[in-house]
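One chain, chain A, appears in both complexes that follow, with chain B as partner in the first and chain C in the second.
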Partner chain A sequence: MRWMWIDRFVAFESGRRAVAVKCVSRAEDHLHDNYPAYPLMPATLIIEGMAQTAGVLVGEARQFADRVVLAKVPRATFAGDVLPGDTLQYEARLERIDDAGAMTSGQVQCNGRPLGEIDIVFSHLPRETADQLGIPSHNFVFHDDFRRLLAAFGLDMSRYPTAE
Partner chain B sequence: MKFHMVDRITALAPGERINTVKSLAYAEEYLADHFPTFPVMPGVLMLECLVQSAGWLVRVSEDFAHSLINLALVKNVTFKSFLAPGQLLQVEVECRQLESRRSEFSGWGRCGANEIVKARFELRHENLAERDPGFAALDHENISHARRHYALLSCPAAAERKT
Partner chain C sequence: MAKSRDEIFAQVQSTLVDALGVDEDEVTEQATLTEDLGAESIDFLDIVFRLEKTFSIKIPRGELFPDDVVNNPDYVENGRFTSSGLAQLKKNMPHADFSLFEKNPTVDTMPTLFTVKTIVNYIERKLGG
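Right, the complex of A and B next:
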């Protein structure tokens, strides 16, 4: 299992809103443990899809200068099952952003129908904490896969400083 | 990759609480992406450890009556620190309410004395046969699989091993 939970962006309005989609495939290993006779997309991975959509929105808003990490999920709701062949759409809105972190609200649709709502609080990892915990000083969060997703959507990635 | 976020059940009191352990291994594939230069357990997978632990508590408390036990609602999940390869997440989940078709929990994940994650959440318990009687065989398959898996996770020899 890789750790990419969005397949492409379909809308990106800097500092405001991002929309990404994820195709759910029977070829994904983890579905077959959840459940062996009835493969379903695990709800926690739906939270991650929203966290990746919203996290990129938060990171881009400050030119990927911050190490943006998940701090809280105040609320997430799930109304139904997500099956192989379904398409999820994550819409994240930036509610607040400052030096300490950011807050986003989000809605998930499955095949165009509402599935749930997921709100997220992100932290911008402070330099002192990072040094104490031996965390890399470069921006390890927004690695090449995310940059490729944004480039594929049409963003000019040469406008942003590199991760190093 | 297996979507198994419980390695061992160390204690279980039906209808009340469960303690489990998840060890984090460098060999787990997703760590290569999260993150390429800083491998740590993704926060939502730590939440999944709590959710799967609660799922075992429900199954044992209701003698494996339901085939699907899914997350319905998450409230106030807080991630406090990172878990790195070579570390153990010690999970404790407390049942706040257990009804036939839903349940409510508080859960914590700790590494030694450090609290790494805490959450409140609700699960939904279902059988596919409630939707269509033709699905009864699928319920049966899921439930037998869960019983076999539980036997592995909870055997006394496993619980007695020091962690």
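Right, the complex of A and C next:
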């Protein structure tokens, strides 16, 4: 489980909002190349951090029963650079959720100052669609490893049904 | 006070500009969501969410953009809507203009039903009660 772009949840209100932090380190491989003379966290990975914060919020709202996949990023704005040593805070709010999917709005802060806004549309991937696309029909999003990680974040995973 | 059709259109227009990243003048009543405005399947979910928020309404799944008829083998044969399929679609979409579609009611031409006007009609009916 390396593809995690949040370090810890600092607030979690089921079905409403989640706040996670990410400490940016010069030891991260991607910063060595992006860019050698000016290490800069790519905006795409900031979006990924918000997607993970919001994705867990969406998944938890329905007991981690759905295959929650990122479908669309309708809006992502950034007002500055994120550098090694900076601390990002992602705050995601659940705007809407139903059988088809969910929509979240989000704000990003860098060292306590507003950095950007990221809205995301998630889709709940039906089992039939997964079959048609030839991708795993089990819950590949909230699988056992991911659940263990969420437990490490402090979520009481015993409250939720086990993965299919 | 009830919204006028022009007010509804302006809000739908603004919603589609935000959801699809198109220019305001592209969003005419006749514009189709997929061909003219470049909407992809996932955009329909985004559009529904935004319309709900903009107009403070609840849009049940499949009510604005029905998807159950096209997936029913009793209603579609070899990519073409049967007469009962067309009748069902009309019943499910009283907010759509079928004049063009019913000349060639195929799965491929179904996106012509999903125009800006279809959305405005739907919202108008929904708000009207």
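Rule of thumb we're sticking to: the second predicted complex is superposed on the first by the 151 of 164 C-alpha atoms of A that agree within 3 Å, B and C clash if a C-alpha of one lies under 4 Å from a C-alpha of the other, contacts with A are read in each partner's own complex, and residues count from 1 in each chain.
We adopt the following convention: a contact is a pair of C-beta atoms (placed from the backbone, for glycine too) under 8 Å apart; a residue touches a chain by one contact, two chains touch by 3 or more.
Being a predicted model, the structure only gives us computed values, none of them experimental.
On the shared subunit chain A, the superposed partners chain B and chain C are arranged side by side without overlap. Taking the Cα centre of chain A as vertex, the centres of chain B and chain C in the superposed model span 80°, given to the nearest 10.
Touch criterion met: A:Trp3 reaches chain B, while chain C stays clear of it. Looking at the shared chain after the overlay, A:Pro36 reaches chain B, while chain C stays out of its contact range. When both complexes are overlaid on chain A, the residue A:Ala71 reaches chain B and chain C alike. Set side by side, chain B and chain C differ in how many residues of chain A they touch, and the one touching more is B. By the touch criterion defined above, A:Pro136 reaches chain B but does not reach chain C.
Applying the stated contact rule after C-alpha superposition, one finds that A:Gly101 touches chain C and leaves chain B untouched. When the two structures are aligned on their common chain, the gap between the nearest CA atoms of chain B and chain C comes to 6 Å. Overlaid on A, the two complexes show chain B and chain C touching the same residues of chain A, namely 71-72, 74-75. Against chain A, the residues of chain B that register as touching in their complex are 1-4, 29-38, 42-45, 47-48, 51, 67-68, 70-79, 81-82, 119, 128, 135, 137-139, 141-142, 145.
Chain C meets chain A in the complex at residues 18-19, 42-43, 45-46, 48-49, 52-53, 61. The touching residues of chain A, when paired with chain B in their complex, are 1-4, 29-31, 33-38, 40, 42-45, 47-48, 51, 69-78, 81, 133, 135-136, 138, 140-141, 143, 145. Interface of chain A with chain C (complex): residues 71-72, 74-75, 95-96, 98-101, 103, 121, 123.
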